[in-house]
Amino acid sequence: MTGSSEPFLLINFKTYLEATGKRAVELARIVEKVGKADDVRFGVAPQFCDIAQVAAAVEIPVFAQHVDPISSGAFTGHVLPESVKASGASGTIINHSERNLQLIDIDRCVQRARQAGLSSAVCAGTAKLAAAVALTEPEMVAIEPPELIGSGRAVSKERPEIITDSVRKIRNVNRDVRILCGAGITTGEDLYAALKLGAQGVIVASGVAKATKPEMVLQEFCKAVRKLM
Amino acid sequence: MTGSSEPFLLINFKTYLEATGKRAVELARIVEKVGKADDVRFGVAPQFCDIAQVAAAVEIPVFAQHVDPISSGAFTGHVLPESVKASGASGTIINHSERNLQLIDIDRCVQRARQAGLSSAVCAGTAKLAAAVALTEPEMVAIEPPELIGSGRAVSKERPEIITDSVRKIRNVNRDVRILCGAGITTGEDLYAALKLGAQGVIVASGVAKATKPEMVLQEFCKAVRKLM
Amino acid sequence: MTGSSEPFLLINFKTYLEATGKRAVELARIVEKVGKADDVRFGVAPQFCDIAQVAAAVEIPVFAQHVDPISSGAFTGHVLPESVKASGASGTIINHSERNLQLIDIDRCVQRARQAGLSSAVCAGTAKLAAAVALTEPEMVAIEPPELIGSGRAVSKERPEIITDSVRKIRNVNRDVRILCGAGITTGEDLYAALKLGAQGVIVASGVAKATKPEMVLQEFCKAVRKLM
Amino acid sequence: MTGSSEPFLLINFKTYLEATGKRAVELARIVEKVGKADDVRFGVAPQFCDIAQVAAAVEIPVFAQHVDPISSGAFTGHVLPESVKASGASGTIINHSERNLQLIDIDRCVQRARQAGLSSAVCAGTAKLAAAVALTEPEMVAIEPPELIGSGRAVSKERPEIITDSVRKIRNVNRDVRILCGAGITTGEDLYAALKLGAQGVIVASGVAKATKPEMVLQEFCKAVRKLM
């Protein structure tokens, strides 16, 4: 999935009630439908308990929001990458600013995810730290300034230099990783600006999951992608 | 479920590959079948990603192995009690020795679980701490000395005084909570000893999940329960 | 120190610059001087790096603000109870709401502190959790509702029922522990109310450490204590 | 201190009783004496509570073993960089494998340390992660494979390629940072090998702190340094 040059748009369901249980499945279906109609590549990241049902309902990539850096065994209450994979996911977010990890565990998570057959999207809040996580060689790095997450003010409008700076710093240490960005993206214009700045995709959460009409936001995103391709 | 005087036997699947994905569903079906045949009350605690499929396959209580002390919102990678409930679980383990929590979070988890419609089985490693967690008023307290977990040496044989001491200390602060015990229980004799000492149920993990023939272990458990009733 | 029936007033220096380095020593001297003049029992809890110099400068009890539940060995960056003791402290705060611990570690800290010759003041935010920590048998329990800490609104005025409820619940499980309270206490009247409600002392932080004239606040506290004795 | 081309040898006292309290001061004096005699640059990293007394007793650099990524304020039980500085330290270890930090906090600690006037020695267990922490621009990076720490088997003998690989990877992202290594270094030969491989210093703990005759080990180290210069 990450080999393609087409933008990848990952919708993070967080722990929003609007995207829990049956509503997670419904939202995933909407994302899939809009993406298919416009030939844009979307993925969804529902909660752990919803992965199996979402993955059974749609064919687009399903991501976990986190995995633990463990192997199978006596780890009650942890998230085993192999379990995430068995439930139908193909990737996982790692080190989201709402679930920060020790540096050593970011590295372990990327390795354990790969061993389990999952691709990794590792988050970081600054250009410098985005380069640092790129050194762990995940499939994707996502630059998300925490102060803009959920703010409705898009990183690509408010802090465009973070994206260009991240791209430069990441490419200095890793030529292959796909570079995503996120935080505050809610309109097609925000997305267009992000892609123009060098991002190869985005992570969007409340902008879609808490939207009154998610399909309209998603269609706007598709227009922005098409405009660019 | 916890109001009954019949013993409750909770099978913890941990993150064992033997109890992940399809094998979690198969194991849960075996547990249900044996319990029905002998009229013994079992529950199962699979991994988060397996809860929905397990809960769809069996009618016995399904527990999560952990929940986070959060309400719905922006908590990427966390376990929302409402999500656990929506996937079909009726309860959750809290503060397992492999997933120890801050005291304040044990209390928050019990409250959040209740608000979401989940009963709580809170673990503690000593009689004193079992009484401490009983003060948070969960439905169940499970006394599990960490040094015996996974050891094959049963708490009810090796440290019987921990169970009697726990019962006494817990009853001093909480008359209603169901008292479970666990750690090293692998035979019917271990279970019988535990129930004789005052436990109203047990948590068993590797003794069943990693057994060559889980149904035989479960049937032995049933005999031990029937012998007592 | 805790055997006495006289109130114990512990001044927590937190990580305030006003109470760091030389200013920690100066503040400790003021606390000692006022206490001696009025025969009121004060203690001070400076930062780790200031314990030795404060303990060398005053004769009143010096507390650490935290210890780690470790024994000597390879624990780089941790706080060994024996090191705290060797630097001249006689006690330690444990589980402050700004440094919450796992339940199991609260118990370990109390035990390790005792082995090192330190008394423990374990904090909790509610009456229920105050009783829970009292079960670990520390020398002192301090009830501090986190929402009032640093608020300037005194627990003894805003939430008097928390103190009476804590005293009742604690005494049900522990007859000997000294019961402190804290949060928002800044005036003699606040302190008087706390002692009237059954507290046997208080923890005060910003009310003294960030006061323009700490000695005046401390003298007011002494008046409140004398009024009661 | 870090600008010089001379090797820097940092002795980590961990939480060894052999290097606690008065014995920390004694050990620091021995380190200083041997270093002066042979004109070799040593530093010492005692426990928090011992920093002030050690710094008052010796003139060589004193490091903390950890700082917290906080500013002054209401952070009971935390380690404020300004407090470490005020007690006489000139630097701090960060992210030791016995005190691993979140990636975001490593970056914050380096920045907070610098603001407080402390230099930082950030640890990492692999070449890849050493480069990652070098991106946070500390004064020093220390590569220490956790599996060799305290093993008596020197990183420079057992895994020489980790050092050369680290040097290469670090220099790709940071030309200025001083590169230390550590783990298992107990003899002059171990140290010589480390410096030959490109390390600009070492961190040594049990090899000195738990040695029967620390001065003899230190003198051996000096010979190794002199042989190289």
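We just call them A, B, C and D in the order they show up, numbering each chain from 1.
Everything below uses one rule, namely that a contact is a pair of C-beta atoms (placed from the backbone, for glycine too) under 8 Å apart; a residue touches a chain by one contact, two chains touch by 3 or more.
Only a predicted model underlies this, so the values are computations on that prediction, with no experimental measurement involved.
Interface comparison, C-D versus A-D: the higher count of C-beta contacts falls to C-D.
The distance from the centre of chain A to the centre of chain C, each centre being the mean of the chain's C-alpha atoms, comes to 45 Å.
Rounded to whole angstrom, the centroid-to-centroid distance between chain A and chain D, based on C-alpha atoms, equals 38 Å.
Contact of a single residue of chain C with at least two other chains is seen at positions 97. Here the touching chains pair up as A-B, A-D, B-C, C-D. Chain A meets chain B in the complex at residues 12, 14-17, 20-22, 47-53, 64-66, 70, 72-80, 82-84, 86-87, 89, 93, 96-99, 149-150, 205-206. Residues of chain B touching chain C in their complex: 95, 97, 100-107, 124-126, 128-129, 131-133, 135-137, 169, 172-173.
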